[in-house]
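Next come two complexes built around subunit A: one with subunit B, the other with subunit C.
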Partner chain A sequence: MQSLGLDVLFKGTNFLRLLEGLWVSVRISLISVVISILLGLVAGVLMTSKNIVLKAAFRVYLEIVRIMPQMVLLFIVYFGTTRVFGWNLDAEASAVIVFVFWGVAEMGDLVRGALISIPKIQYESAEALGLTKQQTYLYVILPQTVRRLIPLSINLVTRMIKTTSLVLMIGIVEVLKVGQQIIEANRRTSPNAAFGVFAVVFLLYFLICWPVSRLAGYLEKRWAA
Partner chain B sequence: MAESQVNVSERADGKPLLSIRHLHKEFDGKVILKDFSLDVKKGEVIVIIGPSGCGKSTLLRCTNALEDIQGGEILIEGQPIRKDAKNASQMRQKIGMVFQSYDLFPHKSIMENILLAPLKVQKRKREEAGKEALELLDRVGLADRKDDYPRQLSGGQKQRIAIVRALIMHPEILLLDEITAALDPEMVHEVLEVVLGLARSGSTMLIVTHEMAFAKAIANRVIFMEKGEVVEESSDPKAFFERPETERGREFLRSFEY
Partner chain C sequence: MDFGAIHEYLPLYRDALFLTMRIGWQGILLAFVIGLAATIILHFRIPVLRQLTSFYIELFRNTPLLVQLFFIYFALPKVGLRITPALCGMVGLGLLGGAYMAETFRSGLENVPLIQSESAASLGMSRMQAFRYVVLPQAVSSSIPGLVANVIFLLKETSVFSTVSLMDLMFTAKDLIGMYAKTVECLFLLVVFYLIMLLPVSILGSIVERRMRRAEFGS
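What follows is the complex of A and B.
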């Protein structure tokens, strides 16, 4: 096993530290995902609005998010705002802001897509039964939208979890950073640790994302209409 | 079906249940309905026929306030119905509508489809509404499918469910918009039988259809429309289908012969 460099994991509290790092990653993604989904639902409904100004604003927002690398956004929010506005955001808060900024745009776009994919006649047959606009959304449109949305948004969630590895660039000690630290500390005694530790980090990401992605597959099958 | 000719005119008590007055409807400047007027009395079954694009479906959609109108008025029991009016949802409860493509809610079971409006709109008790739903399902021969989902049903079955879903609201009038047009031929009969049963039990209906034999069997009154206007109206459907008075009526009926 020496050659794979896995031994360092069992030295001291190394493995525990990795798990703690993993928790930081998961915590940042979890908070970001929850806020993104909630705000994304609102954004998506607004994106279907016929208001030209609103539409244009969301268009620009979505393009910015798509074009701008998340890392640049992280730097702007974490380093940039401190200099210009004197905000002293802590790193985790900056990370959540960036991920939410990204997540709301993408989630909103998914919601918009799901909403417009519901045929107009579904609204009409609900209204023909005497349902009010709100009841139509609540009982007929949103449940169908959510069914279409969940597999797509889970895909977004796994992407967000993976992308949290970027936050080490603004000094957050998450799972990848812990891995690096362990490798650095053991450079002399276990030069091969780079392989073993990163492989384990890879495995940890896999263990988090795989069940989430399986859930998407399961729901997709169950709700296939 | 000609033997099952329904005669309900003696049930009609004279006052119009639905009154369409000088209705004017246009889409982007294109006139769909021109100064259209029609009174429907309680218990009457009125069949509207005409070539596609003549405005007959739009007429039904306006009647249920799914379309806004540019002129005239539509009254149900003397009260105006209008899209975007505050009371649109209340007014629509007096009207049952069944569409060509049935449009059940795919995420709800048959029973949930039927009970949604009685429970949420009319605030009825689940027990009572559920009992009525079962009776209605039994009437259309689908009581054993109550827990199935729409995707498990054939087109004809879905359409019968859509009729039940409208009936449970106890509408004053039923609007049927080409309800057999999307069905395979062997399923048309089962749906039309249900409608014929409703006519016999005195339901007021405004029907748009391309099934001429059915129209002849069920109608108290036939309206032949073209380009948004009434071309010929007859309260003797048999006579109309045998000898239309207008040339255009004759041409239209001839187009159904082989």
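What follows is the complex of A and C.
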């Protein structure tokens, strides 16, 4: 055990510190996911609109999100805004801004996909029953859309958790950073700590994301009808 | 905006782009090979290998590339497996991508109706022949949109290469910002170079996708 550096993990509060580090990125992703889902629902409805300006704007927005790596967006928000506008955003706030920017596009696109997959007859029947536009959305379309959306949004959660590991690059102390600190602190006594620590981080991410994506897969299959 | 600085940094970014593209495409090629191998193992239900492959796919689909790279680059040398940053980037991207490619191929295979392999069998083809000449071509063509999405995803993921001390675009930008504090110029170039890298793939992707859809309507 000594040679693989697993002993370091059980020294003092090291394991607890790793978990706390993991919680930092999970917390950022949970906050971002909640905001993204709420705003994404609105964005998705707007994306189905026939308005040319609105359509073009969303097209550009989606393309930016599709092409730009999240890391670049993080750099722009964290380093760029300070320089250009003199804002002093803290790292965690910039991370949330970037992941919401990304998440709203993803979620909006999912909502749009779910909305257009709803047969036209549903809208027509609602109209025939004398429902207003708001009523149609609220009582007919949304309930059906939500069912299709839940597995997809759960998937978004795991992708969000995986992507938030990038916040290391803008100086947030998350699980990898804590891992590095532990390795540095124990360089003398256990030079192989890197193996144990990073293997455990690898495993921790898997243990968080795997059950969640299994749940999404299960729901998707169950509600496929 | 200081255009003198931009002009000065241009060659640095160009070199970084070449490096990112080289390792990125090598990784994608590797991902393609791994994905295909994994798909074949799962499709033919080869015992033992099948369980290992499923585990590999789940493991790499549910962890971030950054963590995978840290493990390959910092942890594996401790058990005697030392590799260069470039190889680490390529292998990391290949392993991550392989898992995603396998998933895409699998859904492509599921899209091929069972009657296709049954018809092939009734024509006297062996299982291997049916797979090679009938099922696989159809599966590949129906998974093309997914593959394009994977390629774009993997090219974007190359942005974490800087963490294993590869001099990619992110590394160059961060380095230059740190040295000369010309943040706006550096970030501008960063965006421009990522556009150069990804926009053609994205445009090509939507053209291919549209063609595929037209082919489907035709039949």
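Convention: the second predicted complex is superposed on the first by the 223 of 225 C-alpha atoms of A that agree within 3 Å, B and C clash if a C-alpha of one lies under 4 Å from a C-alpha of the other, contacts with A are read in each partner's own complex, and residues count from 1 in each chain.
In this text, contacts are C-beta pairs under 8 Å (C-beta built on N, C-alpha and C of every residue); 3 or more make two chains touch, one makes a residue touch a chain.
Worth saying up front: this structure is predicted, and the values here are computed from it rather than measured.
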Exercise for the section: Using the touch definition from the top, say if A:A194 reaches subunit B (first), subunit C (second), both or neither. Expected result: second
Exercise for the section: Give one of first, second, both or neither to describe whether A:Q144 is in contact with subunit B, with subunit C, with both, or with none. Expected result: first
Problem - Per-residue touch tally on subunit A - higher for subunit B or for subunit C - result: C
Exercise for the section: Look at A:K50 in the shared chain and tell me whether it touches subunit B only, subunit C only, both, or neither; answer first, second, both or neither. Expected result: neither
Problem - Which of subunit B and subunit C A:A128 touches, first, second, both or neither - result: first
Practice task
Considering only touches as defined above, state whether A:L168 meets subunit B (first), subunit C (second), both or neither.
Solution key: second
Handout entry: On subunit A, positions contacted by subunit B and by subunit C
Key = none
Handout entry: subunit A-facing residues of subunit C, complex
Key = 58-59, 61-64, 66-68, 70-71, 74-79, 152, 156-160, 162-163, 170, 173-174, 177, 183-184, 187, 190-191, 194-195, 198-199, 202
Handout entry: Touching residues on subunit A, where the partner in the complex is subunit B
Key = 119, 121-122, 124-132, 135, 139-140, 143-144, 147, 223, 225
Handout entry: Contacting residues of subunit B [partner subunit A, same complex]
Key = 64, 66, 88-90, 92-93, 95-97, 99, 101, 103, 105-107, 116-117, 120-122, 149, 151, 162, 165-166, 169
Practice task
Going by the contact rule at the top, pick out the subunit A residues touching subunit C in the complex.
Solution key: 4-5, 63, 66-72, 75-76, 79-80, 82-84, 158, 162-163, 165-166, 168-169, 176, 179, 191-192, 194-195, 197-199, 201-202, 205-206, 209-210, 213
